[in-house]
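One structure follows; several queries about it will come next.
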Amino acid sequence: MENNVILETEGLCKYWGGLKALDNLSLAFHDKQLHGIVGPNGAGKSTLLNMLCGHYKPTSGEIIYRGESISSIKPFEFARRGIGRSFQKTNIYTNATCLENCCVAVQRLMGGSFNFFRSRYSQKMLDDIATKALEKVGLAHRRDYIASQISYGEQRQLEIAMVLATSPALLLLDEPMAGMGHEESQLIINLLNTLKKEYCIVLVEHDMDAIFELSDQLTVMVDGQHLVTGSVDEVREDARVKEAYLGQGDEVY
Amino acid sequence: MLFKKRAERLFMWVFFPLALLMPMFLEQNEYYVNKLTTIMILSIFVMSLDYLVGKCGLITLGHAMFYGLGGYLFVILAPEYEAVNFWVYTFYICAISAAIALVIGLLVLRTSGIYMIMITLAFAQMTFYYFSGSIDYGGTDGVFVYVKPETSIFGLSLFDLDNPTHFYYLCLLSLFNTLLFFKVLVRSQFGRVVDAIQVNPGRTTALGYNIFVYKLMSYVVASALGAYAGYLFTLQYGFVNPSMLSWTTSGTALVMLILGGIGSIYGAILGTITYEGLHYTLEHWTEHWMLFMGGLIILMVMVFKKGIAGFLEDLLEKRDGK
Amino acid sequence: MSNLLDIKSIHSLYGDSHVLHGISFSLEAGQTLSLMGRNGMGKTTTLKSILGLVTPRSGSVFYKGEDITSLATWQRMKRDIAYVPEGRGMFHNLTVKEHLQVAARASTQGIKAWDFDRVLNTFPRLKERLSNLGTQLSGGEQQMLAIGRALVTNPELLILDEATEGLAPLIRKEIWEVIRIIKETGISTIIVDKNIQVLQSLCDRHVVLVKGQVVMDLSAQELQSNLAQVESHLGV
Amino acid sequence: ADPNPIKVGVMLPFSGVYGGLGDATRNGLKMALQEHAGELYGRQIEFIEMDTEAQPSRAPEIANSLLNKERADFIVGPVHSGVAMGMIKVLKDKNTIMIIPNAGIDAATGPLCAPNIFRTSFSSWQPSYPMGKIALEQGFKKVITMSWNYGFGKESLAAFEESFESGGGEIVKKILVPFPKTEFQSYLSEIGTIQPDAVFVFFAGGGAVKFVKDYDAMGLKSKIPLLGAGFLTEGTLEAQGVSAEGIQTTLHYADPLDNPENQRFRRDYQTNFGKPSDLYAVQGYDTGLMIASAVKALKGDISDQGALIKALETTEVISPRGAFTFSKAHNPIQNIYLRRVENGENQVIKLAASALEDPARGCKM
Amino acid sequence: MDSTLFIVQLINGIQYGLVLFLIASGLTLVFGVMGILNLAHGSMYMVGAYLAWYFVQHTGSFALSAFISAVIALCIGVVVERTLIRQLYRRNHLDQVLLTIGMIFVFNALQSLLWGNDPLGVEVPEALAASIPLTGIIEYPVYRIFVAVFCIVVAAAMYYVINKTRLGMLIRAGESNREMVECLGVDISRLYTIVFAIGVMLAAVAGVVAAPISSIVPGMGEHILISCFVVVVIGGMGSIKGAFVGALLVGLVDTFASVLVPELSSMMIYVFMAFVLLLKPQGLFSS
């Protein structure tokens, strides 16, 4: 297994003043696997993702990507190395079409972003790649819709399409199913199921059904600290996890 | 297509042909030619501001700094009693302003929102006070440009800058080029990233763009064009004064811009014409023109929610809809 | 009229887009009502229309028999309504403590069942974050705060829009427990949530929206017998 | 008679800080031309008024409009030196007459002098130069000078220094305050510690009010005499109140000046406009007199610019400030008076210099 | 500079800073806390000074005049908010720029129509007209000390209200999410009307208080406006403490720059601001 680790953290810490949002976390993420992260609210999951994509700088510790420490590079360089992410709150270009949203992503790869004169509409190839990304998440029929006019679930799909359009090696997803109806959730679950065959995915989610169904590896965090990592079944039966996170029994009254 | 909106195309077809013919109607009256020239020059200035504010989301209250620099750089660089070449100095002034903008941009663009407004203002005020207090450049009284540049290219002289009509056409041409340039820039692949940054900088960074560089380049380009406008303004009457650099110049440009319609590029021309036109009319009509000017501005904010350009666009679209 | 809330044929629009097409339902005092529907069917818009955050083009809202359609939002809220908005509505420049202080008040009847301390005891997580600003909380913490902020107004009608969104399972249970408790004290609640099992056991009435229209309006028993149909409306 | 009116373009600030000055100047101008309406050989006067807003960058445009659009015969203005520069740029050597009713910038009748440019007010040099001698006469050896850091101020200080230092006085410190700053406290503290024999300042308008009040409030006035160019106490006395008492200034005019023209002028101005006249009204008035006399001399035909300039050059203006004539550079050769503020008025103490002519350095005319 | 002069200048700097804070206090409230970009703030300062002059002429009493001026300013504030500002809360910040620049024009025109363009002055009220000897031959006017104390009182009161009271929390909350405040059962628009009016009143009161130690001239507001923004921004938006510290720093920088680098002194506060913002891009005390 060791050989296909693409991202690792070593003793990663993030302190907000006195608060240890993340304390000494060492994890390894493997290629072509979906790594679920769960934990109570405020456990530091979003903080972790924010550091893995360069949005926050770690207080201490290392992030190692394909064997190279990247803790000190600029935020935008994370994406350039193939680390793509979606945000906890939908984060798209609301005033542009879905296609245009993806084009922005593709253009970074294709170059030409410093071209002052070449029309942005002149490159067929760019459009094609963007369309492919939309197809991948099942949004092809919304290609020319303005992003603010599609439904919430579709917006989340679009966000994933944008990340895919940057051809990442690694996807960091923060609660992609939040606020989504059953049907839409199912769509995303199916999507992730296919995507994890190609990418390494780190998924933070409170929807237990989804996370149990999808995860190859599952990490539980509590109060900034690592609790357990293991397969879904291992984690599910772990007494500490039940106490700290899942609680006893079902969520039904 | 470069001009997508109907209002925009209509404007292009009405304004430029009219502007082209204007001097023929005004032949007997040099003043109007001069006045229109000033409006063209101001439009270039306001347009460059529109690119910054409306397209890049970089609100500055220090754009007048470059307007003034355009003038002062000429005074500083050009020998006092010798006609220099217009094109060469255009290049010098734009290049030096761009270099200055690059340095200032490196500092200024680290902040955003109101903080950026204030820090750009700070730099503009510094230059304002520098030239206001300078002995060499006439202090608050300003300086004269005694000899205007000549405009030959390879010995072929097309314009005579001392001839108001020639100068008018030069400015009109500059305005047209600026408009076209910005339009192309906005539509370009670079423009796509700039759009993205304005709407959602966080997302754009997460896609792997170094947004600082794009902002910086936009800032540099707009500043250089602002300086070019200032250079033209200086040449028009051959007079430079620190008030070109004052924050009220920036503020007035902002007013023209908002009036015209932010982010529409051609709205800059509409805004400038409206503002200057109102100013001119009211001033000739009553000594208390400020009262009416203020009242009209307030009225326009209430009525034209997206500026005059936005109003036109809505009007034409509504007609199309029916 | 014994109904706490009566909504009569509300039509609401955003600009030109017609979102609600004549919504009507009512809520008896003390009842808990769930509002269900897929994404974008108009649940949030319905709630906002009740609160006056969206002005309906036509239709009316009665609260305790009084027509409140033309009242301002704050006047409606003054009648002991509390709202937990979708997206949490944090104040970025207020601390957690201030969020609760600024909202705290007794109900018009002078009831003060919920106060600062009780909220903190319910969500101990917030206790450690009292001096954090609203936007410096984790997603779930924000949600807790939003609920707490609604509770300290000691409402008679509590409106929750996806209030368990982003909460960990344990906390979610906690919230449902809280709602059960306040239900017992006679507080009415309108809940928008996607967990149909919980809603089923918790709510007295169920309203299902499809494309801005009420397609089903069921009592708890009726829901049992029509579950399949409801689920098909929700796409479960 | 020529049925076409004589067009007088008026380029003054009617709004903003200098608005009051513009207003008074215009009133004086109109009053003079009204009084002499009968001697203009039937020519009507048409005024075209433009608000400069004291904005130098607008000056060329407005001057241009008066020149080319209105085709004014005379352009009267401005108050502000920066605006004067912008105007001169457009009007120098053109076929209109520019008459400056206030702006003192030395260059206007110095390096930039031109046949068609006249000034009825003063050069910055004129009112300040005589004060140097007077300071010495009164026994002041060490003086601090102070003004805003702009042309008018610096030229005034230089003129004072010229005569003061050549007579053996010493300038112990020269303080230039950035224009238009009016926070003087720190400078006054400095003056208080240096304790010179006297202080010579140039300030005008609002700045003058603020300075004089602060100077008094800091307790300096009774200990270190305050001298100034006359603008310090011109149009500001009411606002300065008792703080101004005892201040000595030199200027080419003083309200209570005892001559029949002045008495009549002040009376008529008061009845015409319902408020007391001031220096700026006088300067406007004299501008009117000058225009009237030239028109009269040419029997109403002002079409020949050469003749017009000749007529203007040789005019003797019988002004409320006392009669004056024009130097070769077209600047008044006039008396300068020493005044002291007593009971809220600039009382004339004595003649500080009679028929003082600006050296017009740099004028090649 | 010897030590006595240094101390005198220190006092001058603090005194100037306090006055600056007073003038900027209304802006801190309206712009910093409520987030409304009111460029006409300086105009209200000017209006305050002119009103003070006018009523001192007619009543002879400074205190009475101050009171009447404050009330009038409050009314102006209410009217302006109700009729104009209110329409713009949902719109772009830049529209507020345009609107308030329009208001500057109107106020300037009205000032010129009502009171003319001559510089005016208000005498220091009798009771405060004394001076106390400071050092050497320099005296310090009692009125300036009174002004300093007044500024400190205003600062303390504002700090208390904004940071410690429910009212203050509501005002701040309103800046971040108006709708949500209304959902707490608070009439946010009335609250905002009142707070805006108080902001306007503070500007006018600053004009009144400053009238005896300044000259009342057209355009006096525009000069001070920028300084006010500098103060608010250096301190950090929305922070009363920040504005207070910012004002004192600007006062000190300006005073010492005047003495040490007189030619560049006007520039110095801008250099200072640029410096602060480069080190702390959100101002000194931003949250």
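Lettered A, B, C, D and E in written order, each chain numbered from 1.
The rule we apply is simple: contacts are C-beta pairs under 8 Å (C-beta built on N, C-alpha and C of every residue); 3 or more make two chains touch, one makes a residue touch a chain.
Since we're looking at a predicted model, the values are computed, not measured.
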Expressed in steps between touching chains, what is the minimal separation of chain B and chain D?
-> 1
Just how many steps, at minimum, does a route from chain C to chain D need if it may pass only between touching chains?
-> 2
Would you kindly say which chain has the C-alpha centre located farthest from the C-alpha centre of chain B?
-> C
B-E against C-E, pair bridged by the larger set of C-beta contacts = B-E
Between chain D and chain E, what is the separation of their C-alpha centroids in Å?
-> 35
Per the C-alpha centroid definition, the whole-Å distance linking chain A and chain B comes out as 44
Indicate the whole-number Å distance between the mean C-alpha point of chain A and the mean C-alpha point of chain D.
-> 75
From the C-alpha centre of chain A to that of chain C, how far is it in Å?
-> 30
At least two other chains touched by the same residue of chain D: list those residues.
-> 15, 149, 178
Two or more other chains are touched by the chain B residues 129, 132-133, 289-290
Would you please write down the residue numbers of chain E that are in contact with two or more other chains?
-> 108-109, 112, 263, 266-267
Between which chains is there touch?
-> A-B, A-C, B-D, B-E, C-E, D-E
Provide the residue numbers of chain B that touch chain A in the complex, in ascending order.
-> 184-185, 187-193, 195-196, 199-200, 202-211, 214, 217
Which positions of chain D touch chain E when the two form their complex?
-> 15-23, 149, 175-178, 180-183, 185-190, 192-193, 195, 205-210, 213-214, 217-220, 223-224, 235-236, 238-241
Which of the residues in chain D come into contact with chain B in the complex?
-> 14-15, 49-51, 55-57, 59-61, 64-65, 67-69, 81-82, 84-86, 89-90, 105, 107, 149-151, 154, 178-179
Provide the residue numbers of chain A that touch chain B in the complex, in ascending order.
-> 53, 55, 74-80, 84-85, 87, 91-96, 100, 103-105, 107-108, 112-121, 123, 162, 166
Which residues of chain E touch chain C in their complex?
-> 166, 169-170, 172-173, 175-177, 179-180, 182-188, 238, 287
